[in-house]
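Following are the structures in question.
In the two complexes that follow, chain A is the common piece, with chain B as its partner first and chain C second.
What follows is the complex of A and B.
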């Protein structure tokens, strides 16, 4: 019951044309065709549409037939605007700091929860709350915590004598971005925790025992056995966090909207303002294309890490 | 190397007793096999000696030192694990060096010891490889090397050969025995394979249900099992055990089955009389049972159940009084299933067990 018809496959050589191969395996291609069509419509077409629009000056209305071709001008405008570099710097700080500390905190939580103790299940459930809570709710919650007049944090810092008056966390160009990063870390560390907890469960007990007999103390056992074992899952976690952070929108948009004076503006919030605030669709598209390229690079490393993780796994 | 002493060692998990009151001494340079079925407590016992789990009672000494509360690293023992437990991210050389690094030995001494261990185990050409690039036998050798480099006071081995294929297992068995002879090492070796124990060990500790059943040389365990468990666990095929009725008429004692009697020799009669009840279990290894095709004086009637030729010897399973007795025959003797045969038991080599206590009658 051969599925693919046509000439005998044995006569096919590697350098046979693509079309010829498709014809030979037409049944196989027919099976994946519906999926291909769906992906074309929902992924490839929007990408192409965005790339295309990035070369046009568009009217503020959505009357796209009134657009005019401007070539690379949008890209030129972006790369020469001072805002681009400050937004890029903000995005880098935001992404790297959030990822780094969320991972570190997640690792600490995973390691502490890995050992048996009373109340472990309850604590684990509590630590998962930041991850499962809605980003909108979390943003408003933290907005209240940070509030200069009614916020708990400001009140405590005055009461404990750290400051004379409550700090205006979100309305200060020096504290706005760090304050948002704290919220983001709080939201994301549970994700890192879940991933690393799963990883920890696959560390072979015998290896840890062998290291114990070999004379390794707890820290050396972690460094020589556990850490190498977590390498694959750590890479994946860090990359997933980086992609998520590059694409962050809800928290910065709801808490500061990129302000004050662009101090917490990152790429996505910036693009959103250009597109839906200034209605400059062409420029926003060009911005999106640049972001898309960066994300594809991260995606490449992600796939690399995934496949390397598979190859590196013992037994 | 040092001797290892267990005195009334107990390990309990809540209400469950994993190891109950185990005592034995492994002399300096002795190879002791801990054997028993799954869950008998043999691996737990090994982990107790290693210090990987704390004991609930009793004492463990390595040399003359009480080690009850010492960490594994301070007990100066080396361990070889079933899955080899090699560090997957380290090369063979670094795996071998690891226990020495942890003990902060100077670099040149580490290099010298690693090279020496690699030479002894013939793995010098593998030193730069990662464990996953090695075959099972090679990994096993590296695991042995990692135990060897440290010059420990005792080796603890947890089923080190059970992941190898049958052929390699036999080969590694020979090498391990040689390794023991050359190093005069104290080795405590856990296995569920009684053949490994019999072939390699100086002494066997047979365990069941968390308690030590018998601790003796393989020959004595084989020839003089203390109870029915040891009798049926050691030896392949297992010793046949048949519960029979004790019949006493004056001075004569016999064992009786359904419609037959087997008179016992004076020595066996004395043993049978010491049994607590009238049921005595007769135990016999296949090599001590003669098979006849007609009735004989003192022979026991049975019916052939299956015939299993193995090449040099043919095993015959015979139904005797509801139990199965395994006898052996030369391969050129033909026997057919469902024929009547008569079994002649060698009175000087048969075993009698008390049916109530399951202990050997002496």
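What follows is the complex of A and C.
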């Protein structure tokens, strides 16, 4: 069976038409057609539907078929609402802080576990627990650890004399978001650890030895030998963490519901509330489209990072 | 679909009677509703724990005979229904009655094919919304008390009055009938109704120097008692619930707001227009101030109130660390269950709490005594949106059966009460009162029940705007005045279609 009908060369020019390329590679496209159709149905159609819906007013008292076209009004409403900016700030803090510290902690754990020592396998398994545990279970676990009246952390802090009364983690507008970020970092650092441990396998041992022979100290070996080799995997890890954090829902929703007073409300929880709490599908769709654009930008960088060095390869 | 009898005869007769009966309820005159002319009259003006006990078991009802007047027993057809049936964790008796209900309906209407789907509470609304978009809904759906408004507003529901299935509006609580009335038309029939009570730990009251046998009479008392308990014992006095995006929050805050004379709109009036915003009224601000006083000034309620649902109050209550809270009729059974699961020293404490558990009426305020009128209603979906077409007679037979005195009592056994008032006269109600502790107290709150406003925007007002208002005030993000005005402005904008 022919896999490709035409000669495959590295000289296919960029100005070749899409149609011509499809004709040339018709067999290849035929193979992926079923998958493309499925993706059109389950991905492309919902995206189109959401974009379309974002231009309509959909009050709770009307059926969707009775929606009214309002143009860009939903976008205007979003961008002029004070809540948008506070939710966006919360989202940025949540995403950047979670990503940065999860990566940093994951890197530390990966470097520690890269060396041989007794009990390494056990420690690696233990450090993987936060990643494999369900987000729902983790949220409830941490909710009780943090509980402002009967939480374990609060009780220990009182018992050990650090505080007079239990620390208010989740019921305070200044501490709720940082407390949730800690939970998120705890859940995600294992992922960074796994990725970076895989990356560390690619660092040539002889380079590290040569650097050591040349008198480089531990920091210099890390900075000048290890870090450059981790650059690719680090970029992918950071982008995946950012995408995951922008889309985070379970932890903030279950632990605080976006509260108190919106202090831990991030984009996804806000969109969920508008859609399912207020039944305002048009506004929620407009929010989702904005989030989609942000995610696409991140996705672009992710693909760039993944395909770096692929440009010279034949199609 | 086969129709073998004209049901309009008895319906017409009952409809004619209903106006007089409704007048009687409103004026507090003793009435004998619907088909139970032979039974002793139910007088809502006398409603009290003693009265509820006195009428229980005084009536005999024949469900099949009553429903036969609407749909003949040999009717051949089908009915599809979605409802929230008993969950695995629910008591065996609930599951038993659910099973017996379907068996009894099959025995009474052997030629009606039933397609029943039990859908968990949290999924039912979303599943119904989705299915209706695809014209794939059921003929009949039972929803929580305010769930139907959205669908009535969107035109998915068929008008449905008690008269349509052989009953009269007077056989149901006026508050319950308000919850199925949208823009003057009736879109459903109440299946069960409940109101919450106020539970407290008598030992904590005694230890704090309060009368252990007297529940706080007013909300001002709650504020004072909560402070006294906290100051003397170092534990939380009142179990406030103020979580954002949580239905538990308005169920506990609105009774307080109504008691002080406030309201979300004007749902506290006998004839609400639902077009006036009441969240910035002096009464609403007074209620918010009382919450502020407990949370911020006195710090006498759980710090975790801002992230607590009612479920999170159960643990401190059974551990003897919480003095009082608004609670569901089934809360006693829950506490007994929790005590049964406790071990060692925890069990000693839990058993002591159960022994000292007391139910009282929800406190009154300067304006009134009030509680949220809860429960469920049953609806018929318009033919256009039903998968496989509508069989109206089949649907009405099921609804008549479900809302009968017998089955509206049995199906509400543990956590609610019969939607049909005549259910209170059944032998099964007597059995419930004899076996379910404090049931008489919680049922006696029913006349004080106020349903949430029956408008499509009510879920947003109750579950989002009001909890936001509370959190804005309690976190200090806004003053009490600012929080109330902010919430009122949001409701104004919402009702204005912005």
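Everything that follows uses one rule, which is that the second predicted complex is superposed on the first by the 274 of 315 C-alpha atoms of A that agree within 3 Å, B and C clash if a C-alpha of one lies under 4 Å from a C-alpha of the other, contacts with A are read in each partner's own complex, and residues count from 1 in each chain.
Going forward, contacts are C-beta pairs under 8 Å (C-beta built on N, C-alpha and C of every residue); 3 or more make two chains touch, one makes a residue touch a chain.
Note that the structure is predicted; figures quoted are calculated from it, not measured.
Asker: Put the two structures on top of each other at chain A: do chain B and chain C fit, or clash?
Answerer: fit
Asker: Would you check which partner chain A:59 touches, where first means chain B only, second means chain C only, and both and neither mean what they say?
Answerer: A:59 contacts chain C only, not chain B.
Asker: Could you tell me if A:228 is touching chain B, chain C, both of them or neither one (first, second, both, neither)?
Answerer: first
Asker: Given the touch rule stated above, what does A:88 touch, chain B (first), chain C (second), both, or neither?
Answerer: neither
Asker: Once the two structures are placed together by chain A, how many degrees is the angle at chain A between chain B and chain C, based on Cα centres and rounded to a multiple of 10?
Answerer: 150
Asker: First (chain B), second (chain C), both or neither: which does A:220 touch?
Answerer: A:220: touches chain B, not chain C.
Asker: Between chain B and chain C, which one contacts more residues of chain A in the superposed model?
Answerer: For chain A, the partner with the higher number of touched residues is C.
Asker: Tell me which partner A:210 touches in the superposition: chain B (first), chain C (second), both or neither.
Answerer: Only chain B; A:210 stays clear of chain C.
Asker: Note down the smallest distance between any C-alpha of chain B and any C-alpha of chain C in the overlay, whole angstrom.
Answerer: Nearest C-alpha atoms of the two chains are 51 Å apart.
Asker: Spell out the residues on chain B that touch chain A in their complex, using ranges where they run on.
Answerer: 47, 50, 52, 71-73, 77-79, 81-83, 85, 87-90, 98-99, 102-103, 131-132, 146, 150
Asker: Chain B touches which residues of chain A in the complex?
Answerer: Those in contact with chain B are residues 204, 206-207, 209-217, 220, 224-225, 228-229, 231, 312, 314-315.
Asker: Show which residues of chain C lie in contact with chain A when the two form their complex.
Answerer: 126, 133, 150, 153-156, 236, 243-246, 302-307, 315-316, 321, 455-457, 459-460, 463-464, 467-468, 471-472, 474-477, 497
Asker: Would you tell me which residues of chain A are touching chain C in their complex?
Answerer: The touching residues are 59-64, 143, 147-150, 166, 168, 170-173, 255-263, 273, 276-279.
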